[in-house]
Each structure stands twice: as C-alpha cells, then as structure tokens.
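Naming follows writing order (A, B, C and D), and every chain is counted from residue 1.
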Amino acid sequence: MPSLATKTIDINCDLGESFGAWHMGDDAALLAVVSSANIACGFHAGDPDIMRRTVALAVQHGVAIGAHVSLPDLQGFGRREMAVTPAEAYAMTLYQIGALHAFAHAAGTRLHHVKPHGALYNMAARDARLAQSIAEAVRDFDASLWLFGLAGSELVDAGRNAGLQVASEAFADRGYRADGSLQPRKEPGALITESDEAIAQAMAMAREGRVRAVDGNIVELQADTLCVHGDGAHAVAFARNLHAALEAAGITIAAPGANA
Amino acid sequence: MPSLATKTIDINCDLGESFGAWHMGDDAALLAVVSSANIACGFHAGDPDIMRRTVALAVQHGVAIGAHVSLPDLQGFGRREMAVTPAEAYAMTLYQIGALHAFAHAAGTRLHHVKPHGALYNMAARDARLAQSIAEAVRDFDASLWLFGLAGSELVDAGRNAGLQVASEAFADRGYRADGSLQPRKEPGALITESDEAIAQAMAMAREGRVRAVDGNIVELQADTLCVHGDGAHAVAFARNLHAALEAAGITIAAPGANA
Amino acid sequence: MPSLATKTIDINCDLGESFGAWHMGDDAALLAVVSSANIACGFHAGDPDIMRRTVALAVQHGVAIGAHVSLPDLQGFGRREMAVTPAEAYAMTLYQIGALHAFAHAAGTRLHHVKPHGALYNMAARDARLAQSIAEAVRDFDASLWLFGLAGSELVDAGRNAGLQVASEAFADRGYRADGSLQPRKEPGALITESDEAIAQAMAMAREGRVRAVDGNIVELQADTLCVHGDGAHAVAFARNLHAALEAAGITIAAPGANA
Amino acid sequence: MPSLATKTIDINCDLGESFGAWHMGDDAALLAVVSSANIACGFHAGDPDIMRRTVALAVQHGVAIGAHVSLPDLQGFGRREMAVTPAEAYAMTLYQIGALHAFAHAAGTRLHHVKPHGALYNMAARDARLAQSIAEAVRDFDASLWLFGLAGSELVDAGRNAGLQVASEAFADRGYRADGSLQPRKEPGALITESDEAIAQAMAMAREGRVRAVDGNIVELQADTLCVHGDGAHAVAFARNLHAALEAAGITIAAPGANA
C-alpha cells in the first residue's frame, strides 16, 4: 500500500545512441517505460538525423528530454577519459545542449535536463572544477534545466552551487561502497547481474533512500532518478520489471519536477 | 550625394573559421568593419571554444551574429558538394543553428541570421528541394531569423516561401553572368582581383541594384548584403576600403532589419 | 558435373563494418563462405581495433584480404557522393590501403585487392579521371594488387590501363540494364529480392557470363567476382546458398589469382 | 675543432601539421635544416593530401621520414591525454604507420622512424604498458624502424625490449629536472625562451651528453636526436642557428643510422 506521502522517482535511460548506419538500442520500447530520456548529441553517438527522430519519439511518449553531453569521442563512445580543460568542458556542454535544444524546440517541446555521459560523467563526479564548468554551461543556457549527476558527487554539488535543480542519480545494477560511491568496475560486486537483486536495490533506494554497500554496510543515498541501461539483451525486460515493481509499491514514476 | 531616401546595405563576412590549434582569418579586424558575421558552427570550421570566443568578439563589436551552417566536412572546409538528402540538410541546419544559438544566448544576445556555407550554399542556390529544407529548418528554429542567400537563387525563394525575411547576397569581387548568376570559378572573369574594380561593382550594386555582367550587359541585382572574404592577404584592407566607400556615398551600413 | 575446363569465380563481401561500440554484420559467418573480404579502412566504417580483429579473422579463414577504400564520411557510411578531386581520391586511396596493409603485414599476410566502397565505387564506375587516380594509387602502392570494379565500368578500364589485374564484379541481387549497367535503385527491378532468382542470376553469370536485363534482353557480362552483402537478415543464408549452388555446379570458388 | 671521434646528432622536427584548408608551419624552410621529419598521420593533424605533399618535400630535401603517431584528437591537436588501452594504442600506431608508409613507398622511399606525438608521447614516456604496445606495433610493422622517445623514458626502454633501435630525444628549449625528466610546463624554468641559452643547452647535450637541471645539478642525458619546434615566430631561425652551432662545433647532423 502506498504511503500517504506519495513517493516519486524518475527512471532515466540513455537513448538516441545510434549513429549513421549503425543501430543501437530499442529506443521505442524503452521510451514506453522510462520517464526521462538522455539523448546523445553527436559527440559520442547520435547524429542530427537520429537526434531529430529520437526527440520526435520522446515527444510521442511524453518522456522528458535531456541532453546527454559527452566528450568528443565517437570511436570510444565517450567512455575514454580525456584531459579537457574546464573551458573546453564548458564550451562542449553548451554546444551540445544547444544542438539538442534546436530539435526539441522545432518539435514544439523543450529540454528538461542535462546529464553528462560516460567518461565526462565520471570525471565530473570527482573533479569539482570540471563539474563547475558543466553546471555553469547548463545554467548559462537555461537556469531552469535540471542537472543529473551521480548521487553524492561533485557534479551534484556544482549544480546546486550554480543555482540549478539537481537530480541525484542512483543505479539499480551497480554495487556501492560504504562511502556512497560506485564500486569500480574492476572490483568484485561492481555489477549486479541478477535482475531480482537489482530491482530489490532499486526499491530500497526509492523507498528508503538506502543501499546495502558491497561491504554489507547500509548507506544513505539520495535517489531522485534511477538509471536503466538501453543496451544489453535484457535491458528492456529489466526496465519493464523495474517500472512494474515501483508502481506496485505505489511509487509514482515521473521526471523530476513533473506534475505526476 | 546621398539620395533623400537613405540607402542601407549590410556587409557580411565569414568568421570563426579557426579550428583547434589552427588559426584562420583576422576576426577582430574584420569585426570592426562588417555589420554581420557568419560564424562557423563546427561542421566545416569552428569548434565549441572558438565559437564561444567568436560570439564574444562579435558582441563586443555590436555585429549581428549568424549561423554559417555547412556540410559535415572539416577536411574539405565544407567546399566539396555532397549528396545529402533534404532530410539530412534539414537536420544538420537545425543542429548547427542550435549549437551557435547556445553561445549567443549564453552571451546575452541572440542570433540574427543563417547563411549556408560553401558547397551547401551553392547547392541550395540551385536545388529548390534542398533550399526548402534549409529554409524550413531556419523557420522551425526561429521564424524571425533572416536567411542569407545568393541574390536570385532558389534559396532566397525558399526563404520567402517559408515566411522568412531574406537578404539577397551580392559579391563585390565575383563576376556575374547576364542571368544574374555567378560566373563559374573556372571561367574568365569569375574573380575580380582589382580592388578598385570590386569596390566600383559593390557601389553599383548598393546604389543602383545593378551589376555589369561579364558579357557587358547590365543586370538588375538585389543586393541587401555584400559578402567580404576573411582570408587572403588583403581581406581586411579591402573590407575597410569598401566600408569607407559606402559611407562616403552616404550609404548606411547595417545588418538587415537593424535600426541604423 | 563440372565441365572439363573448370570455371572459377570469387565471392566477395564487405566486412569489418563495425565502428567503435557499434556492431554491424556477422563477419565470422560470412568469412566461412566467401573467398575474398573487402575490409573497411576507417573512412566509412572500421576503426584500427576493428581492422586488426577483422584481418585476424580473415587470416583464420584463409580469405583474401582487400582494402575497401571510401570517401571520408562515417555518418553517411561512405554512401553519399562527394565532389573530391582526382588528387584527393588518389591520396585517400593510398592512405587507406597503407593503413590496412599495416594490419595485414603485422598479421603475417598481405593484401590481395582493393575495392572502392559505396559512393566512391559508383563515381569511379562512370568517371574515367577519378577511376584513373584510384587505379594509380593502387599501382603506386603495389602493382600486384587486384582492383575490383563494376563489370564494364571506367574503373575496370582504368585498372587495366594502369597495368593492374582487374576483377569484374557482378551482383546476384541487382537488376541490370541492356547496356550492362546496374538498374538504378529507384527504378523497378533494381533489386532482386527472391533468393532463388538471385542465385539463378549468379549461376548464369558464373557459367555463361550472361545476365537477363530488366528489359528481357540477354547481356554479356564479365563476372570474375560476385558480391554478397553482409547486412540484412538473410545475408548469411543467401551467401551459403550461393556458395552451395556454385559448388554443386562444379564451379570453383576462389579469390582472383588464387591457386584453387 | 672537431674531436677525432666525430660526434653525430640528429635534428628532428614535427612537420605536415597543416589540415585541409588550415596551414601550420614553414615545412620547406625547416626541411632545409633538419635531418629527420616527424610527419603527422591524420589523427592530430595532416590529411592524405598533406601527407603526400609533405613526404614529397622530405624526399626532395633528403630528410629521413618518420610517422608522428597520435591519439585521435584533431580538435585538441593530439595534446589532450586520453585513457586509451594498450590494445587501442597498438592498433592506432599500426594504422598510422601504415598510412604514412603508403605515401613513402609510393614516393620511392621508406620510413625511417616512428615518434609518438603530444599526449601519446608523454603517456608513453611514463606508462610502461602503453610504451610496450607502441613499441610492438612499430616492431610488427618493420623491426628495422627507429623508435624516437624521451631520453630516459619508458618508451625508450620498451623500444629496446622490443628489439628496436631507439633514439633518445632531448630538448634544447625545455628545462630538465635532476632525475632527467622534463620540468612540467607549469613549473618555473620549464621553457627556455632565450635562443642563446637553448643553443648552449643543445651543445652541452650533443657534446657531453649532459644538461644542467633547473636545480643547478648536472644530469647525464642521452641525446641522439634534438627536437626543434616547427611553430612559433622564431622556429625556423632557431633551427638554423642550432644547425650552424652544431656544425661549427664539428658535430655531424644526421638521422640515426644514416651514413653521414
């Protein structure tokens, strides 16, 4: 039975990650399940045509549209850290937000949020100066945009300092350390491969704001938005199961700031 | 002596054409002379950092900012025609306008116009369907933007059909044919290399809306904006001389739609 | 029963067309069926890692390795014609051959052929000057390489004129016109979608050097190598069926110049 | 007066660093002064046309040709460190060597050496695993190629371990630390801006194999090749002065392994 004070959580997913002739992800199926979409802006994936089509699809499904801004690295899919300066991060963030904004605007809607992708996300989680430059780019474009960042990260702090609304992101399928940071991918327990376990983790995050760390400790964790992955064989099935489990628990699924 | 009804003309120039470590053009000097700037958007030149700096420089000089949208061809500097579909042209135009808009908006100003660059400009001058897709991208982003196109071209028609304000562009230093089209670069008389001759041609365009074609005929030509080139040894000197000659003739130099 | 004078034909396929995180084609399955592989060189698909892996796979299967050289257009997958100069075509061909050569050489093997891809293939089929520049790049790298080109095309002529061994390519699943050229994709009969019909066409090409044109005429056609496509749901099944049909007819399947 | 045992040193310079319409460096002037050229291979600078022209120019001047292999980062000119894997470094090195080899081979000459550029150079200087992968790529392409690396670096060791001939590189215009490493660019004394001082440092390196570190200590330093920079207002003048000073001291200027 839902609590009297209804809980709300967002489910976000990375979308529009095809490029040219190359296809990636089942965007239409995922858009039926998520409440917010992080759309690639051409730097790690996506091209103008794909951005246009992905925005149109998100509009059809009533899903909030975010710019998934990245380092400029198509071959590496934005997953390779690069030593960019804060000024470069500022400019590339602004560029990509603007590009996606154009498609949203032409489609009669507007951007809802910005989420750094891949290596830029990880760098901005721990590098306060870089995080600041990204947050300032978001603010300078539109101070009403939400900034999505890893819960407890420098990026979340930088967003607040820049006067932005921030959504703390949590992962159903990633292991956490006792300090609330993600278990590095090379360490044991980094990935939760059992669907039931991942859903249980997500439920604890959504209902209690807690997660059991890989060392067994219970950690407080702000979870405004849950990330589900778009690739992998079971991505869509998992997202559907997560959606159903949250709804069954009376939790409203909605993008941050949306009137549910 | 100036006519009682003061004439106005725009001088536009392609700017922000550096890329990464490579420098091109004397943007600061040119911005002191022109009334509108076509700023590269990353597809043929320009990168996010350079776009940010070029927009800041244009703001300092009070010059109208336009998106210089291009085919995606850095190596070819956007000068090689590519068989893009109208849908691709639409999307790439929207993308680039949005990217430059972000820098203009963050700098506290707004875009004034859009001008296709190089091969896309030439293709849009003669291909009505391509021209339409570009005009629609401009309109779908912001119907108050000006569209710059070759005088008498399909692009100018497409802009009008899309409900845009259009500026017909004329070239001081290019030879014209009797039908008002540009003399192809491989033909005799395609380029006017004498500065005095080019300025005389520009003056006839600005004052009388006429040009003497390479075959000696006088051709009517709408000239709302004169293009000056940013590269070449004498680019800045020529632009200054043109500016001075127009002012001396009592012609107001201002971006289309500007209150002079 | 095979004829006394055994016929030989090559089956070639475009491979290594993944890029970064994006996957395309079932290379391993196709390599079990074809006798020569056209490997993407990074300009329309492929990246250094994928090139390395694809070469290794081709070596495992004993398949002849060719450089699938392309216009520089990742987003368009090399399928958009671009107005490149002969000098540019020469240099981009040489560059890509060299890059693939490095992987072949490091893997202890050598290149067998060069085939232009997509738009460059089509342009080189009809533009003698462009074809010449490609043929000269191949010759200047290694005059013992085979050049693959559309049967009856300018590229085949240019290869011969440059002193190269040429393989005339025919398509099982494309309609032909009475002059031996391909029926344009927008015209009726351009694509043969029935597998049986495509195999019948291939058999006629391989056995008799003939094809029935879309207007019903029988056309003489040199067919040294048959192209099978790597993408599409039935690509592998079709390639296997073609392979089996050719073998059943006693036709040897081998790369041009190979000792069967 | 030259010593009886004549000393030999190489002067190398980064060349072919233009890209498309963008020009960088006075390659012809520098080629008249240096004994080996590191030619950009398209990843940080250079394109196929420029590589072809630069190779031709190097051949004209009888300068040894090396592949200047880089991280894939045109916008950052290969100067931004990227988290590439050893396998990626191996493949990108092989790719670029092959590409340049094609132009050298077509021009009737052959590659002499390989030198990583910018961020890849710095990363390979301190990361043994990355250095190994680069050295192995060089060896797998041609075990007779020289590998240029920072004197005392992991790259030099990796080259030796891979059985390559290595040239230890020293910088006339960079400050050194007491351990023989370069003074980081942000520290005092990192750059030697006085031409006379830089030439004095080069002379000490060439004649005595020593350099005075920023802390005043004298450090032993293997200096097989001196790097002169191609950009900057005084690049050519400095290279000429260095060349003249070395010759005046009876030191032979020649590429490693060359018969002077």
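Keep in mind that, in the parts below, a residue touches a chain if its C-beta (ideal position, glycine included) is under 8 Å from a C-beta of that chain, and two chains touch if they have at least 3 such contacts.
Predicted model only: the values in this text are computed from it and were never measured.
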Chains touching both chain A and chain B: C, D
Type of chain C:chain D copy interface by residue overlap (half), same or different: same
Mean-CA-position distance for chain C and chain B (Å): 43
Interchain centroid distance [CA atoms averaged], chain C/chain D, Å: 40
Sequence positions of chain D contacting 2 or more other chains: 47, 75-76
Chain contact graph, described as a line, ring, star, complete graph or other shape: complete
Complex interface listing, chain C residues touching chain A: 18-24, 45, 47, 74-77, 79
Residues on chain B engaged by chain C in the complex (per definition of touch): 72-73, 75-76, 80-84, 119
Interfacial residue positions of chain B with respect to chain A in the complex: 42, 47-49, 51-52, 87-88, 90-92, 94-103, 105-106, 137, 140-141
